[in-house]
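Note that chain A is present in both complexes that follow, paired respectively with chain B and with chain C.
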Partner chain A sequence: MSPLSLLLVVAVSAPALAERPPPNPDPRPMGPPDPHLDALAGASEVGDWAVSLETGFPFFGARGQVALPWMGLNAVGSVNSALFTDTWALGGVSRRWVDTHRVVLSGEILVGGTIRSGDLSRRGPASQTTLRLARGHGRIVPALTLSSRHVLLTDVQEIQTAEGDIVERSRSIAWSPVASFDVGVGVCPGFAVSAGLDVPWFDPPGFSLPGAHINLIVGGWK
Partner chain B sequence: MSRLPLLLLSLSPLLGCVNSRTQWVEVTVTTELIAPEGLSAPVYGEWNHTWSGEGELRVPLLPFEDFAADGPGVVSTTLLVPLDGVEGLTLYAWMDLDGDGLHCAPGVTDEPAGLGEALPFPATEADVTLSLEAPCLGAEALWDGG
Partner chain C sequence: MVERMITPLLTLLLGCAEEAPVYGVSFGGERLPVVDMHLHQGEWNLIPESTRRFLASRFPAPLGLIAESTAEGSLNAEGVLEQLDEAGVIQGALFAVYAPRTVGVATNEYVAEQVLVDPERLFGLGSLRLDDWNNNAEAQLADLAATLEKPGFIGIKLAHAHQHVRLDDPRFDALWSLAAATGKPVYLHTGSSPFPNTAQDAAYTDPAYFEPIIAAYPDAQFILGHLGYDFINKEVGALDTCVELAARYENVWLEPSALGSAGSDPTGANLLTAYSAMKGAGVLDRVVYGSDGPQSPGFVAEYLERSLAAMEGAGYTAEEARAVLSLNFAAVFGVEPAPL
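Entry: the complex of A and B
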């Protein structure tokens, strides 16, 4: 290639090279926090927090999360009730396991207790493990949540016999999975709403009615 | 039982650790079965809670355990009886004269039955005397209203 043609190639290709954006080490856009993404994804980025208030059928509740400065963990607190007869109070940690520009996958482990009133009353220490898959980052965030709830039930039998009283304990675990699908919409910076469907499964293999809910979500920087 | 486990056991309902607590009594019941003179055959029946349920759902004579004896005489039975939501212990029994295992099947009108309450209750030992003298009557017909 002659020097003249080489100069011509460089002159033509120079504007194109100049217009190419610099590589972005962080594919996530900068800007205000996405509280609906944070809440629906189940974990906030470092420095952020999110609180959601839920109302619907059968579930009512409140959930808060705040990012901790260690290992990407979030501290999570949750109070949730089905028709105010099956109430769960849980706390624990969550973490984003996958966070790309398109998808956020998080997991959380909560422990606490539950009380159910009525004819099928029960109570005991409880745990909940949850996987949340959300499509971010944008004004509209769809999200899928899969939760597995467990309750440790301890039943005590006190038996009076001629030889004296006997106390017997039996333990069992009750399992109740819940699946939810939400669509969250950012209303303004720091405020969002979401609506979703719930598919609870109380005490399998019995059938449970599906439900629906609306969330009000706020969040922001600490 | 030492004090600490007893204290934890007492506090556990408040802490939400105990799902349910039920009380039972193991009762040894001495039953005297009295049959009309000259009759002897196996006796079958059932143990009942004299009363069970609360409010409008309170009902008498709820069977919870089968009873069987080779014939008239004294029989000892050990029962595990709940103390929550039930009251009393009542035995209904009948004599199987024809050996068919059925009380007064069609065509049979002479199999005697009786009803008696075991006392005292609740207690770990109780007694009941049952006179088998009412042919083909069920427990409801023999119930005098408690």
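Entry: the complex of A and C
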């Protein structure tokens, strides 16, 4: 390109550049929110919320999040059950740590309790730490979730002796991690579905079967 | 309700396609029929809580969370037959069990019902309670005698360690006499056991303690189950004692069930040692195959595969394998040899 033609291009382009709006500081495209991205990423933008309902094997559950006006935090509530037998009810906060046009990475800390019925019954205060990595933004959102769940168990042993009963308590922490991979699809503004695979690890080091699930996701916007 | 829906769904997901069963196994270039003499069934709620927990913990998670509905599918005759079909096993024997403090109870009446589900393929071994013998011996013996008269009942099942009686307990003469008089062999659990509350001392687990009774009742047939295996330490345990007893007494038979499972013998080395020892002692005409299934889905077939591998490793001929897998069962229990 000759210097003359370069000048011509600049001259023709200059009015157009002057008419453009200022660049959006938020790399996320304007328009309706992506509830599937919000849900799969684990945290919504300020003013947004998302609720997901999960069904599959072995997990069933519901999870809700709403963005808080402070520090990018979300309030999160979750009820999750394996085969309606091993149920975790947890609440806490999440936050997007990284949010670029390509990737959203969030972290989440929840506390609450768990109760398991049946022959392997147990109960106790519980916590869950989760990292979520989602590929955004767009109609289709793949996401990877890694959760580390802990429950504090108290064993009580009562020994009846001639001198009286002896009660001994011992505490232990049981760990059960879960990894999931999801693909979410936006169906229409405010509504999405996702399907995914679960790799849970109940009661390590025993073997656990993998699972699968479907999520229905709804979300609101600013 | 949900559990009842989940189990069939899971079965579909795991891919249990409907195919006509093919019976028998290939060994040494021949097709051999297989009879599994050691199978359990029963009702989950008759198993003690601690043992239910133990069993549930051994199911692949999360099936242990719904252990009762998972077990129901394999603890009745239909479930057992499915596992036999999957393994190519033509016949099997169901055990009654009276060990309320350890492995639970499967009554003679329940086994009688289950045998009738397919009397061509299922046999029964009756049992009796030993834990209140001083007060209840007569009634227990009468019930057992009546059970042995029922269709399909071919023997007696005992487990001293699970029933908390010593192997050399002198109070059971009438029981051994009944076995001799009726010609019904007695199956004995030998060796330790992983089940909670088992009596693990040698007097309850080491078949050497049973030798005086073997010697005193030559007309009674005794099958030493598990070959005295040490299930706690996953070692061969009293294998040598069992083999020596079989070599010395014609009324002693051997049954190598459970000890060679993936959980109890991960490398298969102990099962190979056992099959080699039995061949070396020249007692293969009194070795009767059993698995101790169904335990978990696929166990019966897996155990048979591991046993065939051990027999192959120990250099068994096709005729020796045929004896172990079916002919010796017919010989000790006095039934027709299994068809192929």
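Heads up, the rule we're going with is that the second predicted complex is superposed on the first by the 197 of 222 C-alpha atoms of A that agree within 3 Å, B and C clash if a C-alpha of one lies under 4 Å from a C-alpha of the other, contacts with A are read in each partner's own complex, and residues count from 1 in each chain.
Convention: a contact is a pair of C-beta atoms (placed from the backbone, for glycine too) under 8 Å apart; a residue touches a chain by one contact, two chains touch by 3 or more.
These numbers were taken from a predicted model, which means no experiment stands behind them.
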{"item": "Fit or clash between chain C and chain B when superposed on chain A", "value": "clash"}
{"item": "Touched partner set for A:160, first chain B, second chain C, both or neither", "value": "first"}
{"item": "Touched partner set for A:209, first chain B, second chain C, both or neither", "value": "second"}
{"item": "Partner chain in contact with A:118 - chain B first, chain C second, else both or neither", "value": "second"}
{"item": "Partner chain in contact with A:58 - chain B first, chain C second, else both or neither", "value": "second"}
{"item": "Partner chain in contact with A:86 - chain B first, chain C second, else both or neither", "value": "second"}
{"item": "Touched partner set for A:200, first chain B, second chain C, both or neither", "value": "second"}
{"item": "In the complex, chain A residues that touch chain C", "value": "57-58, 82-86, 116, 118-120, 200-203, 206-209"}
{"item": "Of chain A, residues touching chain B in the complex", "value": "113, 115, 122-125, 153-162, 167"}
{"item": "Touch list for chain B against partner chain A, complex", "value": "1, 9, 12, 16-26, 28, 80, 83, 122, 124-125"}
{"item": "Residue ranges of chain C in contact with chain A within the complex", "value": "2-3, 6, 9-10, 13, 49, 52-53, 55-58, 60-68"}
